[in-house]
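Order as written gives the chain letters A, B and C; numbering starts at 1 within each chain.
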């Protein structure tokens, strides 16, 4: 089970905005996409969903080419969910229930299946059932965002694309949302493509990271590998290191030791740093 | 979609036409429009075409930009042409056929389309060579006398500026919404029957809501910058007729008189 | 000095947004206002320059009062406000016109304008973009133009209402630099934000919770004394590190410096 791009390029108005990108998106991974503004992150995501045509290269799903329309472009891929920036701006139904039901209804789902799907997605996103009859426009910013994302999740996508899903949320809503999504991804063994400028979140949640630079895929590798061993790649892409990683580097330089945290997550790094910090007196003394 | 909208797509080639006072250009377009309405002879049309063509050349705007702006009206023009072709009274050219097409019909159709093309072309020259803000300023100045009658000329001028400024933004927004709804599985083009009507709702409602939010935000920004009621503001851009304006105005006037004479 | 005197505000009767808010802001302070989504932060900002009028109580700026219609022009001149969305606060069609707009409203004589425009654009490092149109600018650049447009009006207080929240890291750090430079030059800065890292360098933090102040003091006291989750906040990295290492030195925004100075000691 994998989505694969082979040497895909995208041109808009004679400008190559994505240049020969090849990659394999494995099932069950949280893959983060990072890079400076204009590096091609969103374009790449839109190509995956089949929203932008590409002029050369191949796109396959489980080694099968994806269906094309009469113009020869890849059709919108229904098994992929796409959460745009500020997804609550796309809400248009009068109740939360209708908003969630819209996509399944368009697909012609039976009423029983629809009920079941709504129950399930509400549970997954930690939304209480009383909300179903509320008007979505009157909900708070954080809740509106959850409803909008739930309306994408209800279609049970194999691969979920999230474009800056936490922008504008307060810290608690932010962590809550990311945790819900991470749990959903883990439980169902789904793939997530997470576009973000928040590198701390990237280090915290990712299995793999793709770095884009000027329309090219600079590198696609394991998150721990990137943040713990190949930090120079971040600099190459013009990106700062997440603060915990900066701390790790600093402590390594000060102590002259190589610390080996279990992962690039803050908790694991803090643990190693704390140990080294506590032992620094002994070290200096001896 | 946003690319096709020429309005507010000022192209700076720094030509002589660009440097003219917006009031000169506005008045010229107005005179020309009036003159076009009474055009009758081939000679008049040819002269008018030379006038518009000459201005296009002088403006230094790349031809493809100009033609791109004409694209949206092609459909309307063809419809107008066919309408005149079929419904103008006159002796049919081919009496036997079902469709009655007369000499007068063809002439009428050609003239109407020609006239609209002339007007749209000249209007395009105006918008392509004049910054929207200057245009609004020109209008404001021309209508200034009305403000002593209680007409809020300044407010209208600001409204015009904002409309010009936000048309591209809102078009982009619509593109974004179409894409986002397509990603959710509502493809407007593919939907049929009542589903299609539903799908339109999914575009119009979000667009309406974001536009209203924008308007609200914008009005707060205007208040924040101490606009007040817009009365008694000073002005950074001062319009001044130069020698070139008098010359251009003179040329325009004599051309119009010539066209009428033909 | 900006004074809130027992201010109440609601949009719908019976649903108070702010309750009995009283505080003073002194010239030259750098104040951060924080609080969860819907805690009333933006409403507070709009009350400060008279975009909204208090339902009860009053808001005074020296001898001016936002309840007096005649004072509003002067208040807007003195209290600049920069909003969240860079796109929706660009009124005109070029950078120059955008900055000039406010000056025309204040009836600044024409020969003085060029100088003030230049000065304002320089302060935000946008002097090379005077002729640029909005669609040619990045979000961060548009936001800097919005700041210049307000700066040209020579305010004494500048409010940033989540002005960094829609920007990428580069745009965000540019805006923060501008903020701190202006503060050093004596401007009063009020910065409303969700980003806990950004409040560490403030002189004073106001925490809004359900329409009331839950805290008013320095950032280091905030992070050591107030429950974060209760007020929908999170500790910034510097504070998390501080706690993890059990440091007893005062919390500083620059955790790197703290680490280097403390390292040799045992």
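In this section, a contact is a pair of C-beta atoms (placed from the backbone, for glycine too) under 8 Å apart; a residue touches a chain by one contact, two chains touch by 3 or more.
For clarity, every value in this text was computed on a predicted model and none was experimentally measured.
S.K.: Testing understanding: with touching defined as stated, what is the shape of the graph linking the protein chains, line, ring, star, complete or other?
M.R.: Basically all the chains touch each other, so complete.
S.K.: State the chain with the largest centre-to-centre distance from chain A, centres being mean CA positions.
M.R.: Farthest by centroid: B.
S.K.: Between chain A and chain B, what is the gap in Å from one C-alpha centre to the other?
M.R.: About 44 Å separates the centre of chain A from that of chain B.
S.K.: So how far apart, in whole Å, are chain B and chain C when each is placed at the average of its C-alpha atoms?
M.R.: The mean C-alpha positions of chain B and chain C differ by 41 Å.
S.K.: Quick one: chain A and chain C, Cα centre-to-centre, how many Å?
M.R.: 31
S.K.: Okay, in this complex, where on chain B does chain C touch?
M.R.: Per the stated touch rule, the residues are 8, 10, 131-133, 161-162, 164-165, 168-169, 213-214, 217-218, 220-228, 232-238.
S.K.: Enumerate the contact residues on chain C facing chain A in the complex.
M.R.: 35-38, 84, 138-139, 162, 165-166, 168-171, 194, 196, 229, 232-234, 237, 240-241, 244-245, 255-256, 259-260, 263-264, 266
S.K.: Once bound in the complex, which stretches of chain A touch chain B?
M.R.: Where chain A meets chain B, its residues are 46, 49, 51, 76, 78, 81-82, 84, 87, 89-92, 102-103, 106-107, 137, 151-152, 155.
S.K.: Which of the residues in chain A end up touching chain C in this complex?
M.R.: Going through chain A, the ones touching chain C are 36-37, 140-142, 167-173, 175, 197, 199-200, 240, 243-244, 246-247, 250-251, 254, 266, 270, 273-274, 277, 280-282, 284-285.
S.K.: Would you mind writing out the residues of chain C in touch with chain B in their complex?
M.R.: Of all residues in chain C, those touching chain B are 46, 49, 51, 72-73, 76-77, 80-81, 83, 85, 87-94, 97, 100-110, 113, 133-135, 146, 149-150, 153.
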